[in-house]
Amino acid sequence: MSMPIGDVAPEIAVILTAVIVLLAAAFTPQRLHWLGAPIALAGLGIAAVLCAGQLAGPPRISFSGVWAVDGAGVWARLLIVAATALVVVLTPGWFMTDRRHGEYYAMLLLSTVGAMFIAGAADLLQLVMGVLLSSVTGYTLAAYHRDWALSVEAGMKYFLIGALANALLVLAVTLLFGLYGATGYGEIAAAIGSAPAPAPQGIALAGLALAVVGIGFKLAAVPAHTWMADVAEGAPAPSAAFLTVVPKIGAAIALARLLTLFPPEVIAWRPLIATLSVATMTLGNLAALWQSDLRRLLGWSSVSQSGYALMAIAVVGLTEQALPALVFFLAGYAAANVAAFAAVTHLRGRTNIDDYRGLATVRPGIAAALTLALLSLVGIPPLAGFVGKLLLFWATIDAGYAWLAAVAAANTVASLFYYLRVLGPMYFHTETHTVPSLGRWALGGTIAAGAAIIGLGVGAQALLAPLASTSLLP
Amino acid sequence: MLTVAIVLPLVAAGVLAIYAGAGERSARWFAVAVSAVPLALLTIVWLGFETGRGAPTFQWVAEAPWIPTLGVGWRVGVDGIALAIATMSALLFVAAIAWPAETQGRARQYYAWLLFLEGVSLGVFLVLDLLLFYVFFDLSLVGMYFLIGGWGHGDARGAALKFFVYTLAGSLALLLAILALVLSTEPLTFDMRELIARQPLAGSQMRGGLVLLGFLIGFAIKTPLFPVHTWLPPAHVDAPAPASAILAGVLLKMGTYGLVRIPYAMMSATFARYALVIGIVAVVSILWGALVAMAQRDLKRRIAYTSINHMGYAVLGIAAAGAMLGGEETARRLALTGATVEMVAHGLITGALFLISGSFWQRTADYDLEHYGGLAGPAPRLTATTTLASFASLGLPGLAGFVAEFQIFVGTFAVFPWLAAIGLIGIVITAALFLQMLQQLFAGPLPQRLATFPDLGRIELAVLTVLLALVVIIGVYPAWLLALINSTAEILVGGSGTH
Amino acid sequence: MTGLDLLLAIFGVAAIASGVQVFRTDSMVRASFLLLLSFIAVGVMMLLLSAPYLGMATIFMMAVEMMVMALFMVAFMMNPAGLNPMMMVHQHRFSIGAGAFAFVGLAVFVLVADFPRNAVDPEQPAIRALGHELLGGSMLIFETAGVTLLAAMVGAVILSSRNGRYGAADEGSRPPGLEPGGEPAGRVPEAGGGHHHHHH
Amino acid sequence: MTLPIVLLVAAALIGVGLYGALSQQSFVMLMMGLELMLAGVMLAAVAFWSRTAGGAPEGQLLAIVAMAVMAVEMAIGFALVTAVYRKRQADVTESLDMLKQ
Amino acid sequence: MLWLLAIVPFVVAAGLAVARPRERRHLAYTAAGTLALTLVLALAAAIEGWSAGLVWGPMLRLQAELVPLSAVVATTIPAVALPITLYAAVHEDQRGITRLIALLLAFVGAMELLVIAADLLTLLIGWELVGACSWALIGHHWREAKKPAAGRYAFVMTRLGDLGLFVAAMAAFAGTGSFTYTALAELDGPLLELLTAGILISAAAKSGQVPFAPWLFRAMEGPTSVSALLHAAAMVAAGAFLLARLHPVLGPVPWFGPAAMGIGLVTALGGGVVATLQADAKKLLAASTSAQFGLMFIAVGAGYPAVAVLHLVMHAAYKALLFLAAGIAGERTGSFELAEMRYGRALPGIAAVTAVGSLALAGVPPLGGAASKEAVIAAAGHSGPAVAVMVAIVGALSAVYATRFQLLTYGRGEREAARSPVRLETAALAALAAASLLLSAVWVPAVHSVAAAWLGELSASKVWELVVSLLAVGVGIYAGRLLVLTYPALGSTGSAAALADWLGLPAAVHMLIGRPARAMARAAAVLDDRALDALPRSAAVMGRHLAALGGRFGELLADGLPLGLAQIVGLGGNDVRRMQTGMTQHYYAAMAVGTAVLTFILLWGAWA
């Protein structure tokens, strides 16, 4: 039994920061609550440094098989920390009037930890706990505007979907435990390997299906995707930015990690994930097509982006490009989605797409950031989203799933339509009206996220080189 | 050198977009000055280009790593075909930027987008990296989208949207095909020279066919060929004139150029197997474009459809050139040379025609041919330039179009006699439709409301004169152009050049 | 069938029956006590399966929770003591079908499954083993659970506590106005919130 | 026979719970359905621990985790129900109908 | 050096276009000087045996040289064009006169290029440039909508024929890898036949043979001087010249002779009849042009290209003269109605000069026209006496319409001329008449043999052929006189008028080519807008349906518009949105069903 505390040092750093913020919030007047932001940023900075330190070491399983420190996991946790930092920057202006402004940072940080735990879990129970932590904090973040009906409704709906999804996940874990007698990934893999009959058992199939739905909930994948649009629209804009991005990063890695336990020749999960991918991206795109509310549109687009991410998961293990594709795509997606929500936040939650008419004339900088974000989501080069999609196509074609790439391409074309419904009026209407904004914090977040979109695209090599040799431990 | 030609307009576009102090005039002259630089650079490259036997295929090559993990790098270089098209494009950009346009008070943005488009367009023609090619190919859509939507007329937003969505579908087909092609070789690289040398997929029928299909869909939409051309007419009609000129003159060439550069060169065996199909599609496009053009009453629509017709010629030439792995080298070389000249000629001619149609719109905001007549009286200079451009477009000898079409037909005949023969009908229809257009515009009685129709302005005339002078020069003495193109065609077709 | 099996079956039927009754009764308070009954039956079954700690924990924890739930309902919900009988269901037939389908599906899988036969030694010190596991191999899980409980507590307080240190905690907890001082952007909630189909 | 009997009971509880979750309008009743499902899960977990996993301690832990899920979800759930009720006077799912499409 | 023949007129034309001198005198002198220079250059080239080449590309080489046949034509062109252009400079409207002269010069240049060509590419360039010039010249008076339309008709019709030349060039390259005339000797088999067919069609189109003849009529919309040049030395002459020039290549093809003779004979007879029935002076001459070129086709078909060229030269001289004469008469009448003229008394000098041309057209010895016509008859005689007799009938018809023309335009009548022609006009006519008279020298055996030695074999007439032919001419002249006396207004009404419109050929062409082409174009356009665009009928339409829900789509269906892919996507968008009902129980149901489906997928995967 070993307890290499260093392996969870980033998580500990974030938890401690959360506690500090919580205490600080309790003892400072509301007008000083914004100080939570710099504190949180400092904590996240430390966590990032600690995470980066883990990249150097060899991939390993620690905490008696509960915790995986491998390339994919560490990169995902790093991404989670970075994305959260961007969200933190968006927060102070938005919550200035909230009496519980300070506690928001604590919830945000705890939710971050949940996502990190999901990403690193190498044991079904740890996965469940991570999902649970991420969920309960997520509900709170979504419903944070207690005095705003939409926010409360979004939180409640998120909770209702989540409660069922988590119950299903626990059921899945139980069924797998019954069959394999263990919850650690290493032991499960060993049990599957030593099983005399290669024929899969119904229990295993049902367990896996339930697990996919349960983790898919965090990913906003069909069929547990229905919360995403509501949260994107109703939740506070920073929460929406966070919830559409951060839990997904953890869940995608977790799903990939779990699925690789099962030999595809015994349980044909690849077609399942491919189907799910198609369903998710198509559904998300179709639903986004006619939205007139930008945040809701982003929510649906976020569903479709989950579908793209599933492409890489469907072929994980078949090609060495799958993991880099997954991580890079998530990074690009995170940058773009946060940038889009940052622009919305900076414009004080402006969300009706008709209200965006002529924005390029009034606020060219913000319009440019939003343009970059949306074009990156489409996958226009040389932005981050392009490299991400390129790698996804690459991985799927390389793995012999070219049809999946073709479907994704067709979906991309459809998605362009609704992104342009936002972009076109921004540029092609020249009517001018005043567009008030929130303040310097959100502006900074917008700029940072926009820079990340370009940086990840043009400087893709910086991330791709280390990702090329990344690993995913069972 | 080539890198500067690509990057300079992009940087200038960024400067123009950010620097708020530029007014209408200064923005325009700044843009003209910047756009002239790539033209000058490419001229220097042309002068230094070796066309002799044994000269390297790609010259002025420069390389820098970009994403080495994926085998992607900043690789630029030209062969004769690329150089010819790129130089023509650079010239057309100077013309389009210099053209006096209605910028609706947003001159900075307008010229910034044009410069952006120049940078990415030259990028498409000058890079030697497949992924970089795609990057620029895709970015050209973005630039054109904003130009059409922002400065077009009529249902410009709808047309821009349709343009972007439709052509993005083509782009993505192209991306998938590129990936499938690259992934079939080891070690991984996007270096075009390497891929040409390796001929990936040469042995694989099924996959080769699918990849070729991807390329064909991608390039057919961009070119555009029948039946995926329907984005073109609305895009042209509603676009501002200089954007139309660029769209027809430069962006469409990306389709045909891509066809030569990628499937033709990199998977010649597969290409040869399906060349007849491509040729048939091309002939259908030739006839369809011509026939539909003849029925148009809208000036710009008519010209737009002739673009489909002309690009059909180019594709026919390419198909003929790629039809065989051995035999009929001379004829196939002729066809390929002709196809390339067609690209250059069509760029200049149709560019001029679209600019002219812009002159009409600026004066009357009307494209309906039947509302015009008798303009030869008040506007002799407009009449002369339009007549010259129209005759060039219908392939009159002594002008550039003929040099191209003659070579294409003659070259194709040796390979696909029937296709060449059927395609010939196209030149009669274009003759009829252009003459009818000229008659409609310039002859007959002058309607009262056109009595004060102003003739071409100084700048308009100067721009058109430069473009049309080149059309005449190529038509009368194309040796300088053909030598350049042929040096590459020889390599691409193979066989000796002794004929 | 051994005596143990018989006992298990009896308590199982009790658990199921009271579970079903939860949704058949027309009073929420009654429903929560029926649920508690069901949990007690489950807890007894756990005891029978040689898991004393878990059995007791289930019973006690659920007892407390159900008390809270009952109180909660009295405090907040309509129809606290089943004063007016009601049946508040939707998509009823589908739900019955889905429940039955889930049961049949799981039952079939369970019956055809080839589980390893590896029974626990009834003499084994189960509680001690659990303790070792919590502070040993599954330390991280345990700690995570702790953090989760903390988060849940904080979250619950944030969402439900009406009185903060500065007066009404909910006041001003809304998005910034589209114009400074104006209404927030987006869909405007109708005044008064949700609709009410029934009583109040 | 022990294992199948217990597992069938667990399956039945899950089925009933699912029915409740799907059919109940009231948030609280709906949550009772979820709890019933989790009760079934816990029973199954203990059954597996006792009969197939040879008393592996993770089995007990699993049951505790399920219990934690139940408790934590219920805690936050009640808080949310309170918040919703306070803001919207809503206690059934049908009342939350603003966010759609 | 040889290029100069073509370049000089072109350069001067371009210069005129830029400098725009308006003074008629200056124009006249410039044009005359240019053409004189061209003439001198042509003579020099013929004597010195110049040739030229220009490299376009590794596979494209333009070549030029003069063989005796082409030398003769190359000299004839500027020689005939000179008086015509002078006449034009003083005769035609002031408006656009500079453009007219410049275009006439360019016309000559293009024609020279065509004549000196030694390969098919160069030929094609000249060939099409001639067509383009004719378009501009015929539509010279662009303010009248009818005239540019006539130019367009001429260009499109001849371009249709030009396809033949394209095909010929393609066949030549496919067979020999080059375009030069000399290389064509290597050609055989189907490619040679293709080449022959192509060239024959092109030549027939340019020379106004059946079935392309109607364009010559429409071409009469152009100014008189244009018609004169077009018919005498440029454009129309190109077809016959080309056949003669390439006869060594085409001759061996077995069906070439009969085909060429057939076309020629039909056109000659038809043209004769049309001209005889014609009521319009210029159209009479136009129909006669077709007929005379028919004779040249017969000569080439019979194997005597030299005879054809000889007739071409003769025809150039007298036809130019007749057109100019018709122009003078027409200017005074205000139209070209034959029935309205008879200026014999008013303009006796012109009448006398015109008579020379008419007699030559009628084939009355000792004029040159008669000599070449007799040679044609003799050549045709080699294919059988019947052919010779038919050619003699053509001759008779020539005599008929020549007589009609002469008597109706410059016969003795009461009309008075408003003004007498200016000196230069008269000079031009006189010069052409002199040329016709001079060409009579070909009857002199010494001259005849020199011409034969230089040009090639000139067939000698048999006695009976001569007798028959002369009898026919006599009869023709008598008949013509009779017609003029009895039906002075022949051809202006009734069935004669209908026949006079080229025997109904234009209507047939319109029905068979023009209408179907236009109908196809229209149909294609409709299809393009509706069907093709509907499949991906994308954003624009989708945008319009933004606010539309189900009902609107149903309406569209009812309208019969095909639902496009994009519309389906858009529709799907609406449906999928509706799936998000906002009701949590539905989401729960989706999750339950989804989980079951996922399990089934896995089960199915395990089975498969």
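Every chain is named by a letter (A, B, C, D and E) in the order it is written, and numbering of its residues begins at 1.
Definition applied: a contact is a pair of C-beta atoms (placed from the backbone, for glycine too) under 8 Å apart; a residue touches a chain by one contact, two chains touch by 3 or more.
Please read these numbers as outputs of a predicted model, since none were measured by experiment.
Chains that touch both chain C and chain D are the following: A, E. The chains in contact with chain A and with chain E alike are B, C, D.
In this assembly, E is the chain whose CA centroid lies farthest from the centroid of chain A. Ranked by C-beta contact pairs, the top interface belongs to chains C-D.
Rounded to whole angstrom units, the spacing between the C-alpha centres of chain B and chain C is 67. With centres defined as mean CA coordinates, chain C is found 28 Å away from chain A.
Inter-chain centre distance (chain C to chain E, centres taken as mean C-alpha positions): 96 Å.
The centroid of the Cα atoms in chain B and the matching centroid in chain E are 34 Å apart. Annotation for chain C: residues touching 2 or more other chains are 90-91, 94, 98, 101-102, 105-106, 110, 115-116, 118, 137-138, 141, 145, 148, 152, 155, 158-159, 170, 187, 189, 193. Those residues of chain A in touch with two or more other chains are numbered 125, 129, 132, 136, 139-140, 143, 146-150, 155, 157, 160, 164, 178-179, 181, 202, 206, 229, 233, 287, 417, 420. Multi-chain contact residues of chain B, defined as those touching 2 or more other chains: 157, 161, 165, 169. Contacting chain pairs (ordered by label): A-B, A-C, A-D, A-E, B-E, C-D, C-E, D-E.
Partner chain C is touched in their complex by these residues of chain D: 1-20, 22-26, 28-29, 32-33, 35-36, 39-40, 42-43, 46-55, 57-58, 60-61, 63-65, 67-68, 71-72, 74-76, 78-83, 85-99. For chain E in complex with chain D, the touching residues are 577-578, 580-585, 588-589, 592. For chain A in complex with chain D, the touching residues are 125, 128-129, 132, 135-136, 139-140, 143, 146-150, 152-157, 159-160, 162-164, 166-167, 170-171, 173-175, 177-179, 181-184, 229-230, 233-234, 287. Considering their complex, residues 155, 157-159, 161-162, 165-166, 169, 226-231, 234, 288, 291-296, 330-331, 333-334, 337, 373-374, 376-377, 391, 396-398, 402-403, 406-407, 409-411, 413-414, 417, 420-421, 424-425, 427-429, 431-432, 435-436, 438-439, 442-445, 477-479, 482-483, 486, 497, 499 of chain B touch chain E. Residue ranges of chain D in contact with chain A, taken from their complex: 14, 17, 21, 27, 30-31, 34, 37-38, 40-41, 44-45, 47-48, 52-54, 56, 58-59, 61-62, 65-66, 68-69, 72-73, 75-77, 80-81, 83-84, 86-88, 93, 96, 98-99, 101.
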